[in-house]
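Common to both upcoming complexes is subunit A, partnered first by subunit B, then by subunit C.
So, the complex of A and B:
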C-alpha cells in the first residue's frame, strides 16, 4: 500500500486554460495499492483536475504531442517518462508548446 | 528506468528511441547531472544548456552578418515563449563585455491582437498591463500598437521601398570598423551616448505618426478605439475559415510592425519564429499554395519590403529548448489567446499541420529538424538581372500567377471556370452583371459599393496564396482603406498604361513588362 503523495502540479504555455486558467495546483494523491507513477497521475488529472476538452491534453495514456513534461525541473525523458515513480513533494510541470496553448 | 523499452536495450542510436537517464552525465561537461534531452540521446546539464542556447543565438546572427553595428533593430514581442526568450538573448548580448557585445540598437514592438482573439476589453487591459511590465523592465524603447491601427496605415505599406543608398550598406567589415571608431570618439567625447539614449526614449514615447494620435504617456492611458474594434471584428467575421483568418492576421500584423519600423527608423525587424514554428509554417505554406515565396517566408532574412528586413534569429531553437530555457532561467512570458486557442485539432490547416508534425516528432524525434533543414536549402526566387517582377498587393511576394500554359495554376483556373459555367467572366464594367437570372453573389445588392467589382479587380493582383485567403472572405468592404487605395492606384496605373500603349515604341531588346 503506497502512502498518499503530495505534489505541486503546474500547467503552462496555455495548457492552464483547460484547468480553469489555474497554473499551480497543490494536490494530494490518495493511497492506492500500486505506487503512483506519471501514467496513473495523468488518469487522476483527467478525472479530477481537467475541466474541458480532455483530448487537448491527453491522448491515449500519455500527454498530447507538443506538451512537455518536467519532473522537478528536469526533462521527463531523463526520468523514465510514464513509468517515473512519484515521490512525495515532487513538482510536475506540463508546458504546452502548441500555438495558442 | 529503461525497462519499458527493453527491446531497444542493447541497441543505441538509429534503431528506435535510445533512452537516456539522469544517472548519465551531461554529454558536454561530463560532470553535472543532465536536465534535458536536446537531440536524440544528447542530454545537457543546466549550465551547458544555457551556454549552448546563447551560443546558438549569437552564431545565427554572426553567421548571417545581417545586422550592422549601430543599426536600429525592432524586436517583435508577442509575450509568447519564443519572442520572450529572444528579447532575453538580446539583453544578454548587449550586457556582455566589449569584445562579445552585440552592437545594434534595439527597440521593441508589441501588437495587441485581443480584438480578434476573443479578449474582452478588461482582459486586453490586463494583458497590456502585464506586457508593459516586461517592456519597461527591458529598458529598451518600446512601442505598443493595437491591431486596429491597421485601419490608419498609409498605402505605401504595400510598396517595396528600396533601402536608403546612403545607409550603412557598404560592407559588413567597414561598418564594424566605422562603428568601433565612432564609439571610441564617443567615449572620449563624453555625453553623446546618453544623449542618444534620451532620443531613443523620446522616440519610444510616440507610437504613431498620425496627427492627433496620443502618445503612450502612461500605462493604459490610451483608450481603445471601440469603433475601430468593431470594424476589426467585422472584418474577421467576414472571413469564413480559420485558415484564412490566420493568414489575414499574419498579413495585417506584419504591415503594422513594418509601419512602426519605417516611421521610427528601424531597418531590421526581429521575429521570434522557432524552428518548430518554421517547420509548421513551411508545410502549412506549401499546403496553402505559397510555395513560390517559401524561402522568404521561412528563411533567415526576408527583404521583400525593401528598406526594412525581417530576420529570424531563433530559427534554430526548438520549441522545447525555448520552453525549458524560459522555465529554468525564469524568463517572463505573457500568455495571450490566439485565434485558434482551444480550437479543434482540425479547425485550420495551420492547426492540422502542427498536430501532424508534433505527432510525428513524438515518434521520430528528428522530424522537426529534418523539415527545418529543408527550409535552409531553399533560396529566394532567382530574380537576377531581369525586370522587377510584379508583386502581390497584399504580401508583396513576387507574383507567381503569371505562369505559362499547362501549369498547375492554369489547370485550376480552367476547372474553376468550368465548374462555375453559369457565371460569365466578370465583365470589367461590371454594372450589367446581374441582368442574368441569378444574383447570388450579390453584385447588385449595393450599387454604390460593388463588392464583386472589387473582388474582380483585386484577385489578379494577388499571389495564389493570397487569392485563396480573399476567396474565403464574404466581403472585401471591411478590408483596411490602404488596401483599397493601393488597389485604385494599381488600377489607374494599368489603365493609364493601356491608354498610352499605342504611343509607346515597342522596345524589343529592352525590359518588357516594366512600367
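So, the complex of A and C:
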C-alpha cells in the first residue's frame, strides 16, 4: 500500500475558475494499492475538486491543450509527465496559458 | 577663433546627421509602405556627442557600455501588436535607443484601450494603432526609425517581414497570431520574446533562442477556442500587461545588446494579486517538434486560423445556439416594453457586470447559477413568475426574455431554462435578446453605458 500523499495543488491563468476561483488547494491523497502518479491525480481531481465542465480541464486521460503542468516549479515534461510518481509535499501547478495582450 | 569654428562645424555635422537619420527613417517607412525590403541599419563605429549625453545613464553600466549601445543602435526589432504589451515595450525600446522599430497592428484605437495601451491618446481614437504608436514614439526619441505596418500579420507576408528584423516581440492578443509569429521566427531563425497578460496575471517566455524551445515545442496542439478568454471577456488591469511589456523590453534589450536573455527555456509567471513572480524551468527544444525539430513537417507558413479554429483577432465570438424563432431583436423588445406586454426580463451576466450597468426592470440570475440549477435562484425566479402571472392573469406559457452583454450567454441560459421540467417554473416561453445590452445601447438607448 502506498502511504497517503499531501500535496499543494495550484491552479492559475484562469484554470482556477473551474475550481470556484480558488487557486490553492492543500490536498491529501488517500492510501491506495498503487503509488500515486499524475495520471491518477488527474482522475482524483476530476472526481473530487472539479465541479463542472470537466472537458475544459481534462481531455482523455491528460490535461487539455493549453494547460501547462508544473511539478515543483518545473515543466512536467522534464519529470515524466503522467508517469511522475508523486512525493509527499510536492507542489503541482496547473496553469492555463494566456494569450491576451 | 579656431575653437568656435570647430564647434560650429561639429554642430553642423550634428545637424546634418540628424537630417540624414530623419531621411533614412522616412525612406524605411516609405519602403515598408510599398512592401519593399528595408535597407540594413548603417554600421557604426562610435557614438556621437548627443547620443553619449542622451544614453549616459545606461552607458556607464559596464554590462551595456558603448559596445552594447552601438549594438542597440544597429538592431531592428519587430513589435507584433501595439496594445497593452506593445505600448510599454516599444516605449522603453525607443527610449533606450534601439535602431529600428517595426510596429504591426491592424486595429484602430478605441476608448476602452486607453487604460492599458499607454502610447495612444484620447485624440487618437479611430487612428490605426501602428500609426498612433509611431507618432507618440517619435516625440519620445526622434532618432529611432519607426516603421508602422497598419495591417494584420498574415501567413503570406510574415516570413518576409520577420527576416528584415533581428529580434521579434510577440505582443499579440490571439492564438493564431502566436503560432504564426513563432513559426515565422523559427523559419527565419530569429529570437522571439513573447509575453501575454489577462486579468491579474502575466506570462513571458523567450523562444527559439540559443537552442531553446519554440512555441510549438511547448504547445504542439492549440487550445480549443472555447477555452480561450480575451481581454474584453476576462478583463485585464492595465498595469499588468504594462509590467509584462516592460520585462519583455528588458529581455529584448539584453538580447540586442549581447548580454543575452534569462528566459530561454524558462517561463516567468506573474501573479499580480499575490505580488509573486515565479520562474519555471521548461522542457528543452523537442527533437520531434513539427517545425523546429530534427525532421520538421512544417516548412512554410500555414493557415493558422484553420489550425486554431478561431480568427486572428481578440474580438468577441458570436454564438448561434438557438433557432431564429427563439430570439428577438432589441427593437422587438423595445416595442414589447412600450406595449407593456407582460413578461420577465432575466439578466444572466456576472454580478460585477450588473454593477456596471443594467436595465432597472431586469431580474438578475447569473448564468453560472442557472447552469448549476441553484435552488435559491430558481425559487426566486419561480416566485417572480407566479406574481407576474397572477398580476397579469396569464394562463398560457409565460414569456421570459433573457439578456446578457452580447447575446451569447443569453442563448445558453435559454437552453437551460427550456430544459427545466414544468414543475420547476410552470409553463414558460424563454427567448433571448440578440446582441444583448450592447445592442440595446447602440440601437435603442445611446445613454446606456457600453463596456
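Assume the second predicted complex is superposed on the first by the 97 of 101 C-alpha atoms of A that agree within 3 Å, B and C clash if a C-alpha of one lies under 4 Å from a C-alpha of the other, contacts with A are read in each partner's own complex, and residues count from 1 in each chain.
In this text, a residue touches a chain if its C-beta (ideal position, glycine included) is under 8 Å from a C-beta of that chain, and two chains touch if they have at least 3 such contacts.
Keep in mind the model is a prediction, meaning the values are calculated, not measured.
Undergrad: Quick check on the subunit A-based superposition: subunit B and subunit C, clash or fit?
TA: clash
Undergrad: Once the shared chain is lined up, is A:65 touching subunit B (first), subunit C (second), both, or neither of them?
TA: Both subunit B and subunit C are touched by A:65.
Undergrad: With both complexes superposed on chain A, which partner does A:73 reach: first (subunit B), second (subunit C), both or neither?
TA: A:73: touches subunit B and subunit C.
Undergrad: Determine, under the contact definition given at the top, whether A:13 touches first (subunit B), second (subunit C), both, or neither.
TA: A:13: touches subunit B and subunit C.
Undergrad: Tell me which partner A:56 touches in the superposition: subunit B (first), subunit C (second), both or neither.
TA: A:56: touches subunit B and subunit C.
Undergrad: Examine A:82 and indicate which partner it touches, taking first as subunit B and second as subunit C; both and neither are also allowed.
TA: first
Undergrad: Quick check for you: in the superposed arrangement, does A:30 touch first (subunit B), second (subunit C), both or neither?
TA: Neither partner.
Undergrad: Now for A:95: first (subunit B), second (subunit C), both, or neither, which partner does it touch?
TA: both
Undergrad: Does subunit A have more residues touched by subunit B or by subunit C?
TA: With both complexes superposed on chain A, more residues of subunit A are touched by B.
Undergrad: Have a look at 326-334, 380-388, 416-424 or 434-442 and say which bit of subunit C overlaps subunit B after the superposition.
TA: In the superposed model, subunit C runs into subunit B at 434-442.
Undergrad: Could you tell me which stretches of subunit A are touched by subunit B in one complex and by subunit C in the other?
TA: Residues 12-14, 52, 56, 64-66, 68, 70, 73-75, 77-78, 95, 97-101 of subunit A touch both subunit B and subunit C.
Undergrad: Show me the residue ranges of subunit B that touch subunit A in the complex, using the header's touch definition.
TA: 1-4, 19-22, 24, 33-37, 43, 81, 276-277, 280, 319-320, 322-324, 327-328, 335, 337-343, 345, 350-351, 354-355, 358-359, 361-362
Undergrad: Looking at the complex, which residues from subunit A come into contact with subunit B?
TA: Touching subunit B: residues 12-14, 16-18, 52-53, 55-56, 64-66, 68, 70, 73-75, 77-84, 93, 95, 97-101 of subunit A.
Undergrad: Over in the complex, which subunit A residues touch subunit C? Could you list them?
TA: Counting only subunit A, the residues touching subunit C are 12-14, 51-52, 56, 64-66, 68, 70, 73-75, 77-78, 95-101.
Undergrad: Under the definition above, what is the set of subunit C residues touching subunit A in their complex?
TA: Residues 81, 83-86, 170-175, 178, 195-199, 201-203, 218-224, 226-231, 234, 236, 241, 267, 269, 271, 278-283, 314, 371-372.
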